[in-house]
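Shared between the two complexes below is chain A, which has chain B as its partner in the first and chain C in the second.
Now for the complex of A and B:
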């Protein structure tokens, strides 16, 4: 590590020299590094190697699998691996389950992203106006929801909505029918009855876990807005609604853009929650992530079909990410 | 909240204009202000309680005996609180349990701490490179980080599974540590870059002129100033590893003694006949350390993102 850091000192290193008999060697190496301006590359190398080997190379491999017939017979060696062109993609595009799971993923993001942003914004605005003690109380509560590990939170929400002994079914079954519909809520199974109840439950869970991040970020943004701006607008008789849209929102737009794109990516992606609650045993409750996982790992595994799906999935996300990256660059984040 | 605000602005404005009605208007303004404060605080309290409720319910269930948990009329608080569920989870002697919970704590901590060490070290070196040097491909590298950070685990998991199988690293904690460290890098490099960039270069140059060696400059000048950033990135890496699900689920197969906490908990949860009391006790034990961690560092949590987003 010391050698990698060495170039930091620049030309002075050679004047100062080092202890021990290997000084010349070190100096010569240092001179070589300096002459070719290698220092930044040497510093980057370990991190870049890690990212390339663990994150980039697998993506390339997945792309390769998706054009092959890599499955159980190929793993056992019974049949050779062959190139099959776009066969996996056409199988996928003709699979109704693919479209069903894609629809669930898209609808989920379309519903949950705005809800999370709205709840987070309302709480953020509220935190900005609450007294100190109350503000700490509310933000601590939000922080605890945020801190709950997704696996814990999923198991917990499953329990709250559980058909045997769950609190929600208990409460709903005691409410008048005109309010909650005539469904028999006692022992209603949210997780396995269908995609709508299952993803309603998952939506509540995801909003509960992700609004705190939005709220705290919006709050941090609000603190950067000079108080005089809001004051001036209020003296002019603008309503809070108007102040928000005319003053606050335009100033926080860069933050919102990042939050929006991050939320879209996160909510489109969800696997942990859907695996624990909707689970791989309910075909009609697959989102795209579950569908990929099922194709790749449920016996008999087909890494090629899974790969084709993963590639489609990655491309969709890269398109969204492209917007995210542009948002960062526009803000001069690379300087 | 909205209507209360409108009322205040309407109430205070005339008070300044007409001295005759000042008293009356002031009273009105005061009561409107109080109503607004009450409304706002009430709303805040409601949000806080609703947010806390699931956590409260988890802990409450963990302390309830079985007959109270499945009671037809559940109570908010355990009528006869007991530690039995925790005892079962700790001893591992419970339906669906696959060993004493400490074993899985140890696995999770080992993985998370190793991830913190490796990712912090690699990220710090890379952060110094991008913050201190101008070189070709610098922007490319930064953009690459933003992109790879967004590649979801589900897209890579197939290839990772096959690669790590070939390397004989499935069913080992080492395999997890390698993947988690790499996954944490993009964000930690971005975060650390901002911290390194804020350290004035003059400091290093002055030290260099005084004859300090490069390692000395690093440890004596750069490191102490970047330390708060390292705390932030360590927390990020720790939480990432402590919470991770899909890779652990795929890599850790039949060897139960290698399970990390989330996999232990889902296995427990999925076992037929497992009871909610012990499951919630295990879940509570898994959750509390993460919460303490978040509370300790609450002020650093959003710094990175907001600083970046507002830099324009």
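Now for the complex of A and C:
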């Protein structure tokens, strides 16, 4: 492989060639590639083939399914596979539960993404000012939260908030009513009572698990800012708040754009946590991921509805990405 | 660099869409089976957790099978234990991949019509017709396994829900005989809470359709009835509404149930295998009365055996007594898997597992009832402290419409209509509008398998 690529690497490469009839052909091929500037594309080819195999082909399959009535009876042969046009899409768009779960997903992202970014930034700024030992201690502790597998973390939070001896319910039930309201907190089931308590719990969990990544990334960005800039601002009498918004934030903007997009995609896609905490039986606690899973895989599975939903989901994410790229270009980040 | 990033983002979006449906694979249709050949092994899927007494029982059955059918003397019978909470996933995976499936599978009796409609079970009509035991099976239960005139499974054991309580607690609360009307049930629940402060009288989990229907039926209502070949939902009939409201009011207005059961099944958070939730609370003495079947005994014991000598049962009361409310007739069936290559061997093993004596021994050892009319009246049940109430309940049962092909879609799977309705009601939603919305949804799903 390396041998075949070498001649493509550049004109400075010596072209001594080896024995046998291969050499002239290899030289000609090399010349062709060079003339048409094909080298980058050839290098991309293996990756593209891989992506086509594991991504493109399934996507095409999904698109095909989404216009059919494909489920178990079609797999077992009990019923024939039929083309149903846009029926799966119209079923989805007319389902109130789809809109409810979309709303929950959007609201969740709208609340959790800024909170994660704020908490992450504050911790990042703090890490930047801490001494070396303390900084290592705090970042290690935070990264442990980040490294905890979502399943373990979900079960952990479920227990903390459980009415069967969970710490939070126990503590709340011992607080005076004027402080925490007249709810019977000892019996309060955060996970199953409704969407608001369930996603409050999930939001805390997700923020706890995702702020360390933001903090460390922000810290890395802060380290690249020359100390003189902050110093100059301080000498000019700027408050820390002003320094952050006038000096630090503009310099870190590219980092924030990346973090924002990643956070939106992550938080919009919460599945593990909501599956464990809200569960697939509590329909009024579905977010979009649970809804898609339910439609596609809950017995009896409908791969066609699942396919249609996946396409709709892809469109939503493309819209987000498009808006994001546009914002990026407008702010001159692509110069 | 930045361009690459946005390109990566687009790729990421596509990847996520792809991941959402990864796992859908295509598979070929099953090849025609050579049902006469001798299998090297047969795979039996049993539901639940492996229990020593069940393993012993199965070993005896296999021994007898090899004696009765010497041609299978070298066949190995493998039992796989499938958790109830994931059995549909495992069936689905076996069907979509076309391999790794069972030869014989146990099926929850409400699941049978739906599973048959998906094409997962072999048509065993002719085998059942020539089966001597077939005529002894409780007729309604065999009808449950019949879809469009064809039989897809045979009943194996049955069970009904009743109300668990502790005898000594009733005595201390001054309750002389178990309640037979709703008014008495409520009074007793309050008496128990007074005698045992800090406990709740009776658990009313919202994700417990099989118990909730008894209250609908117990007021003389129906979930849905068939008229001219179509399902008509009847949750909004005055009687049904009364039953639904009574159950919800156990929490809403009477406060004899706990708020933490909102959104839970009788064994805790949905999707878990228990013990948890109301079941665990009953075992720990935090809940005075608990609705479930006698099969819960194993799990209750797992939590605590402290009150074991006091455990008793009574049938779920009807609104005005004296007869109990009809109990949902649950249980398990045995079916032959559609992709099995040895359907004749499968059926022969089923007939041994489901012989009158084997099935009865099995049911008795697990807190179930046999499916044979002749066995059900045995005095062994009425004389047992724990089983007496359940045995009485077993005399008043109903299945429909919990056995329609689309019931799984309506209740346990994609729509979860009755649990969702009950959850909303116990959370304080308007009674009339919540029930009528559920009613409309139920009618559509039962008839079409989806909402639109």
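Rule of thumb we're sticking to: the second predicted complex is superposed on the first by the 270 of 335 C-alpha atoms of A that agree within 3 Å, B and C clash if a C-alpha of one lies under 4 Å from a C-alpha of the other, contacts with A are read in each partner's own complex, and residues count from 1 in each chain.
Everything that follows uses one rule, which is that contacts are C-beta pairs under 8 Å (C-beta built on N, C-alpha and C of every residue); 3 or more make two chains touch, one makes a residue touch a chain.
Just so it is clear, the model here is predicted, and its values are computed rather than measured.
A.B. asks: Per the contact definition in the header, classify A:33: touching chain B only (first), chain C only (second), both, or neither.
C.D. replies: Neither chain B nor chain C is touched by A:33.
A.B. asks: Thinking of the overlay built on chain A, is A:311 touched by chain B (first), by chain C (second), by both, or by neither?
C.D. replies: Both partners.
A.B. asks: On the A-aligned overlay, A:254 touches which partner chain: chain B = first, chain C = second, or both, or neither?
C.D. replies: In the superposition, A:254 touches chain B and chain C alike.
A.B. asks: Which partner does A:157 contact after superposing on A: first (chain B), second (chain C), both, neither?
C.D. replies: Only chain B; A:157 stays clear of chain C.
A.B. asks: Check the residue A:137 against both partner chains and state whether it touches chain B (first), chain C (second), both, or neither.
C.D. replies: Once the two structures are laid over each other on A, A:137 reaches chain B alone.
A.B. asks: Mind working out whether A:282 is in touch with chain B, chain C, both or neither, as first, second, both or neither?
C.D. replies: second
A.B. asks: More chain A residues touched by chain B or by chain C?
C.D. replies: The partner with more contacted residues on chain A is B.
A.B. asks: Looking at A:184 after the superposition, I want to know if it touches chain B, chain C, both of them or none. Which is it: first, second, both, neither?
C.D. replies: second
A.B. asks: By the touch definition at the top of the document, which applies to A:206: first (chain B), second (chain C), both, or neither?
C.D. replies: Touch status of A:206: no partner.
A.B. asks: Check the residue A:237 against both partner chains and state whether it touches chain B (first), chain C (second), both, or neither.
C.D. replies: A:237 contacts chain B only, not chain C.
A.B. asks: Find the residues of chain A that appear in the contact set with chain B and again in the contact set with chain C.
C.D. replies: Chain A residues touching both partners: 51, 55, 58-59, 61-62, 65, 158, 164, 254, 258, 265, 269, 289, 292, 296-297, 303, 306-307, 310-311, 313-314, 317-318, 320-321, 324-325, 328, 333-334.
A.B. asks: Looking at the complex, which residues from chain A come into contact with chain B?
C.D. replies: Contact set of chain A toward chain B: 1-2, 4-10, 12-13, 15-16, 18, 37, 39-41, 43-44, 46-48, 50-51, 53-59, 61-62, 65, 123, 126-127, 129-131, 134-135, 137-153, 155-160, 162, 164-165, 167, 170, 208, 212-213, 216-217, 220-221, 224, 234, 237, 239-241, 254-255, 258, 265, 269, 271-272, 275-276, 289, 292-293, 296-297, 303, 306-307, 310-311, 313-314, 317-318, 320-321, 324-325, 328-334.
A.B. asks: Can you name the residues of chain C that touch chain A in the complex?
C.D. replies: That would be residues 2-3, 5-6, 9-18, 20-24, 26-27, 29-30, 88-89, 91-92, 95-96, 114, 117-120, 207, 258-265, 269-271, 276, 280, 338, 408-409, 412-416, 419-420, 423-424, 427, 449-452 of chain C.
A.B. asks: Enumerate the contact residues on chain B facing chain A in the complex.
C.D. replies: On the chain B side, the touching residues are 1-2, 5-6, 9, 13, 37, 40-41, 43-45, 47-49, 51-52, 54-55, 57-58, 61, 69-72, 74, 121-123, 125-126, 128-130, 132-133, 135, 138-139, 141-148, 150-163, 178-179, 181-183, 185-186, 189, 204, 208-209, 211-215, 217-218, 222, 242-243, 245-246, 249-250, 261-262, 265-266, 269, 276, 279-280, 283, 286-287, 290-291, 293-295, 298, 301-303, 305-306, 308-312.
A.B. asks: Flag every residue of chain A that touches chain C in the complex, lowest number first.
C.D. replies: Per the touch definition, chain A meets chain C at residues 51, 55, 58-59, 61-62, 65, 71-73, 75-79, 90-91, 94-95, 158, 163-164, 184, 187-189, 191-194, 254, 258, 261, 265, 269, 279-285, 289, 292, 294-301, 303, 306-307, 309-311, 313-314, 317-318, 320-321, 324-325, 328, 333-334.
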